[in-house]
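Dropping a structure here in structure tokens format, bear with me for questions.
By letter and in written order, the chains are A, B, C and D; residue numbering begins at 1 in each of them.
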Amino acid sequence: MMSGNGELLKVEDLVVTFNQAGGQRLRAVDGVGFAVAKGETLGLVGESGCGKSSLARAVIQLPPPTSGRVLLDGEDLTGLAGEALRRTRRKIQMIFQDPISSLNPRRRIGDTVAQPLRIMRRGGRAERDAQACDMLAAVGLDPGDAIDRLPHQFSGGQCQRISIARALILEPEFLICDEPVSALDVSVQAQILNLLREMRARYGLTMLFISHDLAVVKNICDRVAVMYLAKLCEIGPSEELYRSPAHPYTAALLSAIPQPSPERRPAKIALVPGELPSPTDPPPGCRFHTRCPHAKAICKQVEPEVKEVGPGRSVACHFPL
Amino acid sequence: MSRSIHGFERRARVAEAVASSGARGARRRKLNVMLWLPIAWIAFVFGCALSADWWPMPEPDYMDFLSQGAPPGTTGEVPIGAFESSEGLEHYVFWLGTDMMGRDIVSRLMFGARVSLTLGLLAPLIGLVIGGGLGMAAGYWRGMLEATAVGVTDTILAFPGIVLLLAIVFYLGGSLLNLTLALGFLTVPAFYRVARANTLTYAEREFVTAAKAMGASDVSILAREILPNVIMPMLVYALLIVALLIVVEGVLSFLGLSVPTAPSWGGMIAEGREYLDEHPRLCFVPAFVMFLTVLSFNLLGDRLRGLTDVRESNI
Amino acid sequence: MAKFVTLKLLRLIGVVFAVSALTFVMVAMLPADIAYDIAGQDATPAQIEAIRAELGLDQNVLVRYGHWLMSLAQGDMGRSFRSDEPVLDAIWSRLPVTIELLVLSQVFALLLAIPAGVYCAYRAGSRFDRVLGSTGFGMISVPTFVLAIVLIYLFALRLEWLPATGYEPFSEGVWANLRTFVLPSLSIALVEWVPLMRTLRSDMIATLKEDFISMAKAKGLPAWRILTRHALRPSSFTLITILGLQIGGLIGGALIIETIFALPGIGRLLINAIYARDYMIVQGCILFIAVGYVVINFVVDMLYVALDPRIRTAGAGG
Amino acid sequence: MTARQFFSGVLGGAVLGTFLLVCAGANAEEPKRGGSITVGLETDLRGFDPIKARVLGNSAATVINVIQDRLFDVDEEGNLVAMLATGAEQEEGGTSWLITLRTDVTFHDGTPFNADAVVAHWTRILSPSYVGGIFLQPMEGIEKVDEFTVRFHLDHAWGPFAGSLATPIGFAPYIPSPRAVSDDTQNRHPVGTGPYMFKEWRSGDRFVVVANPNYWGDDGPHLDEITFRFLPDQQTRLASLQSGDIDVMWMDRGTTIRSAQKDDSLDEHDTLGNGSLIIFLLNGSKPPLDDLRVRQALSHAWDQTLAMKVFYRNTQTEITHPYGSLLDCGEAGYRAHDIEKAKQLLADYGQPVAFEMIHTTTPRGREVGQLMQQLFKRVGVTLNLKPVDQLQLRQRVFTNNYEMSGWRIGDIPDQGPQLFGLFHSKSGYNITKYRAAEMDALLEQQRLLTDAEARGELLCRIAETINRDAPILYAGGRRHYAFTRQRLKGLPALAYGLIRLGHAWVTDGK
């Protein structure tokens, strides 16, 4: 695992559980740890339902994780409450998947964007409006036109720009993007990704970028982490991971991406057909063994440890590729 | 009492089922008339209730013993205005006649509007504030609070409201305040459910998570994020409850349990019922006024719901 | 699923329990007690005290509630303080009246709602549909007790076709029995049919857009046959749930109709018992009403679950 | 005059066995046998065991009257008529009475009627557990003399004694089967010696009796079956009568009486009774009503003539005393409606007068309250109305927690005991809290006086004292009304408001 100076966010042994009807407990995130360096963008990839979003929300303490630590600039967020938590919240912001759902349908766009300022009690109304206008302009909207309108008068892409404006108005250090483009058309996706890249450069952002799609993550992320059934399988620098995945699951995900040049295509991995196991009752041993084409006897009994296989590169597999 | 106390919850669920129906497309042409007519009638009733004191007419409880059960248009000699202050008797036309005790029906209808409107408007307000607040809290925080609230509202709903009303009227006396409080209490479960259901849908929305991520407090989220979205359906629902409560007041008067000191429409219907055979108008005039008022509130609620629905669906 | 049902049932039992406790306390708090009823107008304070002691009314409310629960557990609902009639007998003798009123009113409502709903759906947007829609809206705004008075005025006083009030049991003949129920049931039905009609209409409109209806049309089946055979059944699910809800709400609500039409049903038994502070009868009636309400709601909930299994996994909501 | 006959009858006639048997009055038609009728009653019944049911209302009296017999009956003129007794003899200056009984009577359940049955019943009646005992205070006990003779013991010679054995509107005179009483079934399955036998009681709905084939009397039963139906609303009862669903009903609302009178298919029966359907209690222990001038002013402000018109549409008569047809006391110093006098008295009092009246939540109660409020307003008195339910009203009256309230004076054969209860300062039933030595003396005297004329005079003086001191206001007397369908015959006068169906028959019978 990567460690050292300049790391902004460090997540240690994070566990998130939910109570379900009937008294069952669902472990949505099960002992995940990683770190994100200042200025770096970490991609978090996995099938839907693997616990990515739960992980992201645990990082911003919504709700706080069941156990484990989340360190931001060395400060443990999980121990914070009340005013202290509120203060540190300013430093982490989040963008959501559904651009419509993430805007209050009954609030003017101007107020929506200025909302974080109001919550942090920064400046007067006029001042906040001015800042909101600047921010709207920064994300490529016409502030004069947008400020007094309601969300339903905007397209999905525009809504996502508004969300980004709202998230960045407090000048956070860390931005979590939870599937920010998956609800958008492909053409719009590129625009938003470009905007995010631009914003990262302008504000010097550190980002956690969540997606179920490795292709989207590739271009924007410095490093990528892959999750399967509440656990991390593999983490490593983007280039390296895409070139030679160490975990069979990563390989399987990669093989599903259509590639422009056939010679760069990694070894084709065919998943064992079968249902995705239920997170409430995960399989023993390696969680992936039910679908892994390389599964051996040991995989069914012993859970693989996270091993460092290269600089900044770790994998949890008995038989890495 | 068929569509009364227990009607709240039922109506809520029935309304939900019916809301999707409605020949709205066909009716939209009539929208304006059907919106303004009820508003006009409600405004008229309001005006009557507010100005009842200032009209040149006998007090609602003044009995002209020479004109008992007089037909509409009869002229009588009555003191105009408060009895003590007036010097003598004046000629006065009983435009809608008098009841069997010689009291002017117009005057009684106008003063009766006060009871109906006060009860009809204030009681839902209580339900709206308490039930709405509770429902929002339960829908937002869930957990034990919600479980408890569901238990309590289920109990209230399974409890025949008439028993509570009787208990209150017997125990505290049937004053306007007591009745308003009691009926307000009975509307709490209905508002609770509407508020909770609406809150549930919004509490899961990402703008709420976003607000949390910005460090907004729970109270501020409830007030600034959820309330603006929940309040419109609640207000529309409240209009339906207003209509219902005007009926409930009528039922209570009918059972002799409403406000004793003031004339009320229900009371007039009940009194008139005894003379149904001879003087049907004694019963049917107040009944018609009550019907128009209930219809107006229903229409208004229905139209407003139509309007808010349109707004939602465009998003 | 079994666990879900059990939990739900347990909660409902809790509700019934809470309602009965609440009633006991509330009725005990009412000013004056049954001793004043029993003793009549010519009693002395000493006699009233004696009656109170004899009936155990001088005991603490909680003690009395405890006694009531104990005997209830043994299947004994007590006896009326007033007439010495066993509470269960009193309720059993009134129950058929209330049930007949509820059933007949819903039958009338359905008789109105189904043809109207089907036809309005078939000719959606037509003049007939619009007129019926407005009429329905008007009728739902008529208070039931006013409607009852109007019906009495028209059919009993003016036309003299039907009795204004009273009740004839089945033993007096089916027609005699039905005659006494026509006006009371209509008073309820003429209001209750509206939501039924509207629901059926909107469901039918949706069903009529389905492919199998087009198929049937293509086969050249006559319209009435398509409507009744093919479209009605799939459209009637919501109708049934709404029907259940209406009956559930009416159980405690038939009271005013029973009062106006002098029907010896549960509602009137209850209100007379409250006026007389006949606690045992009040407790018994409320228990029945609460159980009836809860059971019908349970059935409706189960119907929903049967339709939509997702509800099963939804949290504490109800 | 009738009162005199009544009293002289009791006193003079040592043996009453030869009294005329009044049946269907002067009806020339011969009664027919068979058929059935339906009777509309106002309220459901409570039961027929005097200890358990405690109070016999008008409805229950109508029913018990055909099932159980009394020792004596009273006819329209107030004469005692022998029923289960054959004679009554006064002993020891009126402090005991010897009653001889019929020997040929059995109860419906086969139990023989004899002295044991009478003693068993009256012992229960005179025990403290019977509520109605308050008006029977001078009675000490009863003993069996032989198989068909009993002796009542009294504290002192007591005028109303014989009437107490005969009154048809209380539980005491109706003799139940001792077996049914000891089996504890009497309450819900009454057994008597009357012309009709219990068949079925469906609570809240109906009560059915059938002819007693072994009835001891000559006249009746003529009908096969009588169904009593409980129809609480008077108007709907009238509608049922007009439509032929019921054959007879009792009524007291002016409106219904007037509409029934307009219906040619109905026969009217009305009888003047005594007492007062509505009186108003003015609580003498609560200011400002403790002041004589205020009470007098209120009685002048009150307008009985108007009340007659508004409440009863003149179907009732104004009264100046509670004796109705029993006694003629003339005006008895009654304070008629006079606004000027009322204002004068209030001016004397010199303070603003405001107080509260409790009334029932029924239409009648509200009407009464509102009229009273209006009339008082016209003399400058503020009356606050407080509607309460029937029981609460009783509770507040009995616990002296009221200022003014509606009440009633029952129609009974002798008003003496009732007035004693209401106005004697030491009476447990003194709900008016009226206390006057003069009244106490008059009331005690009348109790001991058995001479009819002297007693009548004394009762009139009591009425005058009531009118002078105004502890109560009258809202009319008590005329009883019943309407029947024309097929129903054989109904005697409605003495004490009771519809007596023991001898009734229908024209479409055999």
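Assume a residue touches a chain if its C-beta (ideal position, glycine included) is under 8 Å from a C-beta of that chain, and two chains touch if they have at least 3 such contacts.
Everything quoted here is computed from the prediction, not taken from an experiment.
Chains that count as touching both chain A and chain C, per the definition above, are B.
Common neighbours of chain B and chain D under the contact rule above are C.
Of all the chains, the one whose CA centre sits at the greatest distance from that of chain D is A.
The largest tally of C-beta contacts between two chains is found for B-C.
Ranked by how close its mean Cα position lies to the mean of all protein Cα atoms, the top chain is C.
Averaged C-alpha coordinates give centres for chain A and chain B that are 51 Å from one another. Taking the mean of the C-alpha atoms as each chain's centre, chain C and chain D sit 40 Å apart. For the pair chain A and chain D, the distance between mean C-alpha positions equals 90 Å. Annotation: 23 Å between the Cα-based centres of chain B and chain C.
Residue positions of chain A touching 2 or more other chains: there are none. Shown for chain B are the residues that touch two or more other chains, namely 170, 255, 273, 276-277. Annotation for chain D: residues touching 2 or more other chains are 235, 388-389, 392. Residues of chain D that touch chain B in their complex: 235, 253, 255, 259, 306, 309-310, 360-363, 365-367, 370-371, 373-374, 377-378, 380, 384-389, 392.
Only residues 31-34, 36-48, 50-51, 54, 82-85, 89-90, 93-94, 97, 152, 156-157, 160, 163-167, 169, 260-262, 264, 268-269, 272, 275-277 of chain C touch chain D when the two sit together in their complex.
Residues of chain B that touch chain D in their complex: 61-63, 65, 68, 83-84, 100-101, 170, 173-174, 255-257, 260-261, 267, 270-271, 273-278.
Residues of chain D that touch chain C in their complex: 44-47, 49, 52-55, 57, 128-129, 131-132, 134-135, 187-188, 202-205, 229-233, 235-237, 239-240, 243, 245, 388-392, 394-396, 398-399, 407-408, 410, 421, 428-429. Across the interface of their complex, chain B is touched by residues 11-12, 14-16, 18-19, 22-23, 26-27, 29-31, 120, 124-125, 129-130, 133, 137-138, 140-146, 149-150, 152-153, 157, 187-188, 191-192, 195, 198-199, 201-203, 205, 238, 241-242, 245-246, 248-250, 252-257, 259, 270-271, 274, 282, 286, 289-290, 293-294, 315-318 of chain C.
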